[in-house]
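Listed after this line are the structures, all set down as structure tokens.
One chain, chain A, appears in both complexes that follow, with chain B as partner in the first and chain C in the second.
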Partner chain A sequence: MTAIIEALNLSRWYGNVLGISEVNLEIQPGITALLGPNGAGKSTFMKIITGQLKPNIGEVRILGEKVWNNRHIFRRLGFCPEVDAFYEELSGFEFLFFLLSLYGFTTAESRKKAELALELVELTEVKDRQIRSYSRGMRQRIKIAQAIAHNPEIIILDEPLNGLDPLSKRRIIKLIKEFKGEGKTIVVSSHILPEVEALTSEIVLIHQGKILARGDIYFIRELIDSHPHMIRIKSPHFRQLAKILAGEDYILNISFKPQENVVIFETHHRDRFFNRLNELILGSLVTIDEITSPDDNLQAVFDYLVGK
Partner chain B sequence: MATIREKGYHHWEGQLRDKPWNFWPITRTGIKLAFERRRFKLLFVLSFLPAVIYGVGVYVSERLENFKFMAQGVDKTLQVNPGFFRSYLTLDLIFFEILLLMSLSGAGLIADDFRHKAIQLYLARPLSKSDYLLGKAGVVMFFVGLLTLVPGILLFILKLLFSGSFKFFLNYPWLILSIIFYSAFLMIFFTAFVLLASSLSNNRNYVIAIMWSIYIFSNVLGAILRIIFHSPYSALLSLKANLDQVGAAFFLVKPPYDYPWFLSFLLLISFCLLAYVVVRRKIRGVEVIR
Partner chain C sequence: MRQEIWRVFSFYFFLRKKSPKTKAFFLLSWAAVLLALVIRVYNLTGNWTESGQVIFQNILMSFFLQFLIVILALFYGTSVVTEELDNKTLPYLSSRPLARAAIVIGKYLAYLTLTTLMLISAALLSYFILSLDRDFRLIDLWAGFRYSLVLTLGLAAYLSFFTFLGTWLKKPMMVGLAFGFGWESVIQYFPGSTQKLSIAHYLKSLLPQYTTSSGKLGFLFIRLEPSRPLVAAAVLFLIVIFFLILAALIFTYKEYLFED
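And now, the complex of A and B:
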């Protein structure tokens, strides 16, 4: 299958600071998630593929055409930036209408497409309200609306779920999945693994400006699972819990914080650990106040992958 | 690697249309946003007052017999000639009004886009940087043109209408071109001036301060140096003096300062070119480091 987006040996520096380095990537239709901690180079990559930054080395081609200095390609591409980029004085409808008119659509076409986009992101009811009065979720949705209003084949969404409440997140995830169903190519960036898991299984791990791994979510999970996980449990029976689990072969290490009633387990079989823990809880052998995974965040995953 | 695509790539079947007026929606929106400010509307209406007074002047000049009782010597002071049009277009009050209107409608043109990081929205669309700048320039040109070009032409037409003949036109056939070209010059200069200031900060209040400071400081500095050194060339440091000097040349009247007018012209054109280069660089400089 032809790659929709091709990045060939991309490198970009900001003075002495590295943005991305030697990135080679082919993106196919469907949802592809760029996953990486803050400062990994996701936004730089997105800015390059949306033609706003020129790479120092390398080239990006979208649908076989080069991106830099090729403004026609943007008729086929929609970009939703991470930061708010609004004229606060305009209403949601006026904002979309204005941006659509920049594509050369007639007034009637722009009006129709703006209405349709507002309907898609479920903002029709508030379309005449000034953007300054919109909630965080509404602002995120109007940002997505401006990216999809001209019905592009390729949609680039920079951290579309950032700062949203669970309900808004679910709405936007549903919406992005609908775009996928329409055969569009969607590139989403995020630094939160569970968010990405809810969106797609095709993941590109990016860290310190380099592509660290690429594959489906299970491949990434396997990579993660080959390294020990830390699970922190707060329980009045923390000593008893440690005693029971100490005999299990998947437990690598146990440490305590007695003053906090906390026990910390290290395991490389998270699923087996939690199955056993469930049994203990259901069997009323222990009660648990709190379970957290101190290293269950992306930075920890990347630290594992880069061998820190 | 798992395959997740379901439908595959759909060929785009539309037509690529490239309009020569790509910038127009930006101009239109800029003008619309300006009129959404209540203070701006009031100032906008008031800024036509000088044009109305000059219009009355044109009328009175054609009915001198009827107004002689009101002021003696009015026939000597109120002569509608190229100097009359030049005096309107170089009036201190007109420049003051332009700056006032631009403080409300022009200061945020680029500064607000910087503040909201909205440049990326424009540049992710089929627009070039030139389209963007042209769109923003259109807003300034629209308002400056309304205060200079439109009243200038209307005053000329009023003169013809009130005189009831084409004698004035035949006496000064080049005058209408002077009005058009000098107004266009003012439009270009103020566009460069406002957009340069607007690109220097992402806070529109700072932009307003920059605009007024440069304008007032240059005039004061020019005046002080003229007093100290008694050299007409000191006027080259004053924006207003340079505009006056060029205006006199356009209307073929004696320049107010005793040095060649083209020095002022070259200086102002150089300023516009410099402003263009700086603004273009600023637009290119929108980068986010994450």
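And now, the complex of A and C:
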């Protein structure tokens, strides 16, 4: 299948700071998620593929055309930037209407498309309110609306689920999936794995400006699952819990914080660990006050994957 | 490209016409109207002997020409690009099917229209307040329109220059202030052709001359050695075109980064 977006050997620095390095990527129709911790280079990549930034080395092509200073490509592309920035004095409707009019749509067309986009992100009721009075979730949704209002074939969404409440997240995820159903190409960035899992199975892992891995969600999950997990349990029976689990073959290490009634397990098989823990809780063998996972974040996984 | 410029113009004219900045500058412009009203009342009571025309010329030189058009052009011109960077709204423009040059020119024209409306409404009203009396002739009406034209041309030239500064420099305000109120004022005290390196020189060349002085303290006075009106008008037009093209070129090829 022909790639819609092609990045060839892209590198970009900000002075001495590396943005992205030697990124080669082909993106096909459907949803592709860029997953990486903050500062990984996701936004730099998105800014380059939307013509906001120039690469220092390499080139990017969308639908076979170069992007930088090629305004015609933007009829077919919608971009939702990460920054929470607006023309605050405009209402939600005016914001969409004027941005649509920049495409050259007639007043009637712009009005119709703005109304439709507002409907899609469920902001019709507040369309006449100034953006400055919108909640964080509404601002995020109106930002997504401006990227989709002209019905582009390619939609680039930088951290679109940031700041959304669970219900709004579900709506936006549903909307993005509908776009996929229409044959569009959608690129989404996120630093939260469950969000990405809910959106797509096609993931690009990006870290320290480099593409670390690319594959479907199961491959990524496997990578992540092979990483030893730390699980911190606070319990009045923390010693007893350690004693029971010490013999299990998936436990790699156990440490204690007796002053806090805490035991920390290191395991390379999180699912088996939690199955056994559930059994112990249900069998009333131990009571648990708190379970946390100190390194259960993407940064830790990435650090592990790059061998830090 | 013309249509793209028009789209940008329409958007920014709408956006800025109700902004607090525009309201503040509108009030500032109308300070001249208030001053004209006070003077006229004073004049009607017989306490002022100068003619309205002469008083207006003084206001024109000291307030409109040396202060208002510079300050309006400085604040609106430098903001053409910097406001998009400071408010981080540039991606909304640069991800639309618009030539980058059209963004600069469209915004320039929108801001020129807004500031011209402020300037000319205040200038004409003050002129008529001060000059309308029984001796008012048709030629005085023409003089009012001539002043307005010169002010508009001056505003367009300064705005073009400050738009260029805004696209070129990261922090254009300080350089703009130094140019507008430093260089432009000081250079006029220099005799000879040095003063031709200022925009104000060509504007003053298009207006009636009234500031001449000689004697021991002559060096304290502005020594305008005017250019011919046609030359002055042509140079001002050239300044508008040259700096606008330069601004459009810089904006087209320069990459702008947000401060984060």
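Operating definition for what follows: the second predicted complex is superposed on the first by the 308 of 308 C-alpha atoms of A that agree within 3 Å, B and C clash if a C-alpha of one lies under 4 Å from a C-alpha of the other, contacts with A are read in each partner's own complex, and residues count from 1 in each chain.
Going forward, a residue touches a chain if its C-beta (ideal position, glycine included) is under 8 Å from a C-beta of that chain, and two chains touch if they have at least 3 such contacts.
Since the structure is predicted, the reported quantities are computational estimates derived from the model, not experimental observations.
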Clash or fit, chain B versus chain C on superposed chain A: clash
First (chain B), second (chain C), both or neither touched by A:Pro258: neither
Which of chain B and chain C A:Gly283 touches, first, second, both or neither: neither
Which superposed partner A:Gly183 touches (first chain B, second chain C, both, neither): first
Contacts of A:Glu202 with chain B and chain C, given as first, second, both or neither: first
First, second, both or neither for A:Gly30, with chain B first and chain C second: first
Chain B versus chain C as contact partner of A:Gln146, first or second or both or neither: both
Common interface positions of chain A, toward chain B and toward chain C: 14, 50-53, 71-72, 74-75, 77-79, 81, 83, 85-87, 89-90, 98-99, 101-104, 146
Residues of chain B defined as touching chain A within the complex: 1-2, 4-10, 12, 14, 16-19, 22, 25-26, 28-29, 33, 36, 112, 116-118, 120-128, 286-290
Sites on chain A touched by chain C in the complex: 14, 50-54, 69, 71-75, 77-79, 81, 83, 85-87, 89-90, 94, 98-99, 101-104, 146
For the chain C and chain A complex, residues of the former touching the latter: 3-4, 7-8, 10-11, 14-15, 18-19, 87-100, 252-253, 255, 257-258, 260
List of chain A residues in touch with chain B within their complex: 1-2, 4, 14, 17, 19, 28-31, 38-44, 47, 50-53, 63, 71-72, 74-79, 81, 83-90, 98-99, 101-104, 146, 153, 180-185, 200-202, 214-216, 218-219
